[in-house]
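In the part that follows, the structures are each spelled out as structure tokens.
One chain, subunit A, appears in both complexes that follow, with subunit B as partner in the first and subunit C in the second.
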Partner chain A sequence: MRLKSRFGPFGYIGIFVLLTIYFMPARVFGADAGNCLVCHKYPGLSRVDENGEMRLLFVNEEIHNKGVHGKVKCEGCHTDITKIPHEPAKPVDCLVLCHIIEPTSEQKFSHKSVATSLEDSVHSKKGKDGKEKPFSEDMPTCKDCHDDPLFRPLAFVKKVRPGVAEDALGRCRVCHTQEEFITRFYNHITTRLHKSRSPLNIAESCARCHDDPELVARHNLSTSAGGSYGQTFHGKAANLLDESVPDCLDCHVPKGKSVHQMYENKDPRATTHKDNRGKICNSVDCHPGASADFANYKVHAEFDKKSNPVIYWFTTFFIVLTGGTLLPLMAILFLDLLRRLFPNASFSRRKEK
Partner chain B sequence: MKCFFTKLYILAFMGLVVFFGVLIWNLTFAHLIHEYHARKGDVSIQHEGEAGKKEKGKQTFDTMILESEDRVKHYLGYRVLEEQRIEGHFHHIGFDIGPDNRSYCRSCHGDMPHDKVKDVRAFLNMHAFFVACQTCHVKLEEKDKTNVYKWYDRKTGDIVDSPVNGAAPGTYQAKIIPFVRDENGKLVRIDSEEKIQFALDYKNNEKVLSEGQKSKAKKLIHKIISKTPVTCEACHTKNKPLLPLAELGYPQTRIDSITSTEVVGMIRNYTEFHMPKMLSPGEKPALPQLQPEPLLKQQSELQPKQQPELPPKQH
Partner chain C sequence: MKRYPAIKRKDGKKYFFRFDLDQRIQHIILALTVIILVLTGMPLKFSDASWAPYLYTIFGGSKMAPTIHKITGAIMLILFVYHVIRVISQIVTKQILPLKKEGKMSVGRVSMILVKQPMIPNMKDAYDIIGLMKYLLYFTTVRPDGDEFTWKEKFDYWAPFWGMFVIGLTGLVIWNKVLATQVIPGELINLCLIAHSDEALLAALFLFIWHWYNVHFSTSVFPMGTVFLTGYLPEDLMAEEHYEHYVRVMKQEGLEDEILPPHGGHKPFCGKPLSDENSPSTTTDAEQPNDTMQQGGISS
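This part shows the complex of A and B:
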């Protein structure tokens, strides 16, 4: 009565508007609340900056919205942009307190714990003594390993092909009503239940640095890790998109730890430490029952005469044997077919009878 | 007839034998040779900073975007996303756009020719992705105007149907080119074969030309270019836009968007506050540098407060 008497019919309209907003689906408020994609949806939006570096300012809306950061507003990461038109954006700080409330702690979400893990890892810019490592600029930052992460949903009830399982979504819909929430939640959870990237993609990511001969030399690494992995059975299977073979992370990250917690071989916490190495292969998931020596073979043996002469000559022998057998066979087959094609052909002139 | 098929069969079989021969060679001896040469290269310790400096000059749009060999396939299980990989670029590109093989401007000015006006260089480069240089930089006199514009394929250079409908904005494999009338009154595209050949000849002979010859050639190439380009408002307006958007295949929704107050207002914002000199280079800005309207702020004020994401229900 009071509402009606003071504001007339506008009071009820106001309440109706507020209720409409409250119950409005979340997707109405997309990540692009600032309408940044008015400009950034164009692939040609690019420039050369003052340092001569090319800057592509395009955001593929379709892919971005389906990705892990699809719900994050642009200004959640690009915090320095507060107005349009804006000045050239500063590099994004992935550790910024952002955008989304972490549901269990009800605190703002942040990637700070990743940085903490990384600082303690082999990829830290600083050594154990707190001093900067030589060539510390080679150490990876977030974007060296990560582009905008994409979901890789897993289907338990759909065995033919991976992806979102409609049957599983049907169960979710019994209690949950928001379609976007259901799909996103399903994607989020099931992506975490298996490899978030295929073994091939992981190996490619690591190889960008670990196969760079100059970087390998600078850091006195014993091998180009990606290349030597590719020579192994695991690497060849990964190249054929086998998801069950171990990738770099399976061997180099301690079980149950974040992928950012990789340690150098001398560190007792490292999986590759001489005391722990035996446990890498004989886990229940891989080769249960394998002896500790099983993991002591040269995993990253390179095809190199100096460092691995036995493997080099053994491999060379088999390559020569294979090529030396099959190539002459092909040559004989070819010549035989040639004769069948031209049965009367001859290099020498026939004697006239 | 039988003999013919037998010969054909033998030929096919020979092809197969050669194919397997090459395959076996690549897998065996070629592999050994490749490994030998790969290892022969002397790997010297080099500071990252120095290496970076050396590389910077080599980066072009062609090598980094259009013809980039560094491709990546994301295996998502249900989908394989293949795209070019740009170092340090976070967002996915998701599709390929081929180089503009027709444009003769590109050979000197590149794919990102706009860099003078800091505030709009990216916007202008964005338009250069689907609008030929001549569309904005050639202002035809009233008597020469035909109001005919067409799309040409970036790869083949041929005139094609409008790629707009169904494609995401700006992702076209084609560019808009104006048409003019030749001496016979026939409609021809402004980038004639003759002009392309002239520019190509200049490019090929540039090193042997004298300074005077160079100047003359440049003058001739740029003869049709007007001092001031077409303004943004010439197209982004509801009142007789320069480009016949409907005839170029833009659906009404896109036309409304291009000429909307949102876009037009933003252009005005840029023109008045950020680049008063853009269309009159060399002159001092007439207006004081005012603070632009904080559009984001305005929007956040206008929009209702965003609903926080609720934690999932407990089962």
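This part shows the complex of A and C:
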């Protein structure tokens, strides 16, 4: 009765809420404080949007919780949703101020600084003059490259298999007590230390735009970058799942900078600027001692008469040579097989033996 | 140096000398290195093919396979250099030096010696190709009589010769790219890669289709010509492919009476003698294993 007298009718609601929480399955506690999974847990939950496109609205809780944003509440990113049921949600803006406090600055965390570097890079929507680039809508935003489940934890400390290394966690536990914190920050830090994707994975990510013939043509790019990379030894080894070969980022991201700070060839900050090219190739980890001429190797050589006449005609020579050698020989081979079936057949009358 | 008799007799059959031991060993090393190089190289050329990672893994993946490829390539290059030195030294010691001793050295005579080398193509090869085309297109039933080395064998010799030169040279450049680009421009590496892999594909297809057809799969030698192991070619095959040379050798050995008649066209599968009718003879599969008719094994 004290309950009633102190809190009025809210006391009963409180008990009801507590009971509900008590009987809720344990896993719902993760990120779903807003109870979004009440609806979104159903596989197949989907609708056709205004553009006639099918939108899958199902959230795979297991995958989400394992991802880097597993601890972020749904409404932390979907800020426009304040009540259930909700209006069609707007696309997530990755630059919102997160509810997470960044431990070194004790400020609320935001990805804004990433956006600042991206705006300064070759992938910016705006040109050098500050004006909107033509077809700026083609320029990548966060979600074009970042798709959580691709990231995987580091596999070092006497361990070749990817996954959380128990021995490494032991080192965290010396100071940090909260198990949750240890795993999450271990993942957070190691994904950033490691090449978090395989070279093939990176090349495929970039190729989603850079091999799209429409985009290549529209932006006047000199190459289908993924395709021509695949013709190099680096790309071929990447195709064969070698993880030690350089991918797009190893050459195009300036040393010590992040992927968001790539610049166009003419920019003196760009690694691909003609004065800097040699320095990428002859780094200690790659081809030490390589001359500046070495870097003139055409990594993105296209089989194209206009842009690469030498390569075009050289390749054509070998195609003609191969065809010119093999086709006549195959014809002889085929005729020979056929002739053996009819050894005595002839158009002309056989001469005397 | 060991003397090889021109004709060996075994179980009453005659076998004709073709290749000495040194040549046979060279051929086996070449064949083995080619196969290993193709197996470790093609997964790279076709790296996006579904089979490529599996084949590459068999050779130790990208950690091991390139090393195997380079070592094997080096062996092949050493073989190439050895072969060239041997051929040149034999021409010099056996043909040019004796000429010098006799005091008959002249530019004309030396160039004649070089042109007359067994592997140098000549007019007979051109006529033989025309003759073969006539035969294959049913204008005649007589196949051309081959000399000691037919145009096919010369082709099988010069194709890998050129191939080894191109692939070997470009391979060395790619292998030592950092060193090479101290001298040559980086753009040349692109061309080396194209030449290396395209020429390799041509060589592989040439050998595994054309050469293997001639020495393994053709109905006259199936399942395998043995001359590359024994160095001696059975008489019937000798007569089929190298009739001119066959007659010459038989006469040299004083065996004029035993010379087989000219072969005409291909012999029918079942071993019946050539009939005068223009009708193909019927074939029965069961008789084939006992078929002694084999065509000359062509070996480069």
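Side notes on the structure shown:
Methods note: the second predicted complex is superposed on the first by the 265 of 353 C-alpha atoms of A that agree within 3 Å, B and C clash if a C-alpha of one lies under 4 Å from a C-alpha of the other, contacts with A are read in each partner's own complex, and residues count from 1 in each chain.
In this text, a contact is a pair of C-beta atoms (placed from the backbone, for glycine too) under 8 Å apart; a residue touches a chain by one contact, two chains touch by 3 or more.
Being a predicted model, the structure only gives us computed values, none of them experimental.
Look at A:297: by the touch rule set out above, it reaches subunit C but stays clear of subunit B. Contacts of A:344 after superposition on the shared chain: subunit C is touched, whereas subunit B is not. After overlaying the two complexes on the shared chain, residue contacts for A:230 are found with subunit C alone; subunit B is out of touch.
Look at A:326: by the touch rule set out above, it reaches both subunit B and subunit C. Touch criterion not met for A:97: it reaches neither subunit B nor subunit C. In the superposition on chain A, contact is made by A:176 with subunit B only, not with subunit C.
Of the two partner chains placed around the shared chain by superposition, subunit C is the only one that A:242 touches, whereas subunit B remains out of contact. By the touch criterion defined above, A:83 lies against subunit B but remains apart from subunit C after alignment on the C-alpha atoms of chain A.
In the superposition on chain A, A:314 contacts subunit C only, with no contact to subunit B. More residues of subunit A lie in contact with B than with the other chain of the pair subunit B and subunit C. Subunit A residues in contact with subunit B (one complex) as well as with subunit C (other complex) are 241, 319, 322, 326, 330, 333, 337, 340-341.
Per the touch definition, subunit C reaches subunit A in the complex via residues 43-45, 47-48, 52-53, 56, 61-62, 132, 135-141, 159, 177-178, 181-182, 184-187, 189-191, 193-195, 198-199, 201-202, 205-206, 209-210, 213, 218-219, 264-269, 274-281.
On subunit B, the positions that touch subunit A within their shared complex are 7, 10-11, 13-14, 17-18, 20-21, 24-25, 27-29, 31-32, 35, 39, 41, 43-49, 51, 56-57, 59-61, 64-65, 72-79, 81, 85-86, 88-95, 97, 112, 114-115, 118-119, 121-123, 125-130, 168-171, 262-263, 266, 269-270, 273-274, 292-297, 299-300, 303-304, 306-309, 311-313, 315. Across the complex, subunit A meets subunit C through its residues 230, 233, 235-237, 239-242, 244-245, 287-291, 293-298, 301, 310-311, 314-315, 318-319, 321-322, 325-326, 329-330, 332-333, 335-337, 339-348, 350, 353. Across the interface of their complex, subunit B is touched by residues 21-22, 24, 26, 29, 33-35, 38-39, 41-48, 51-64, 67, 71, 75, 81-85, 88, 92, 100-101, 103-104, 135, 137-138, 143, 146-148, 150-154, 161-164, 175-176, 181, 185, 197-198, 200-201, 204, 213-214, 216-218, 241, 303-304, 316, 319-320, 322-323, 326-327, 330-331, 333-334, 337-338, 340-341 of subunit A.
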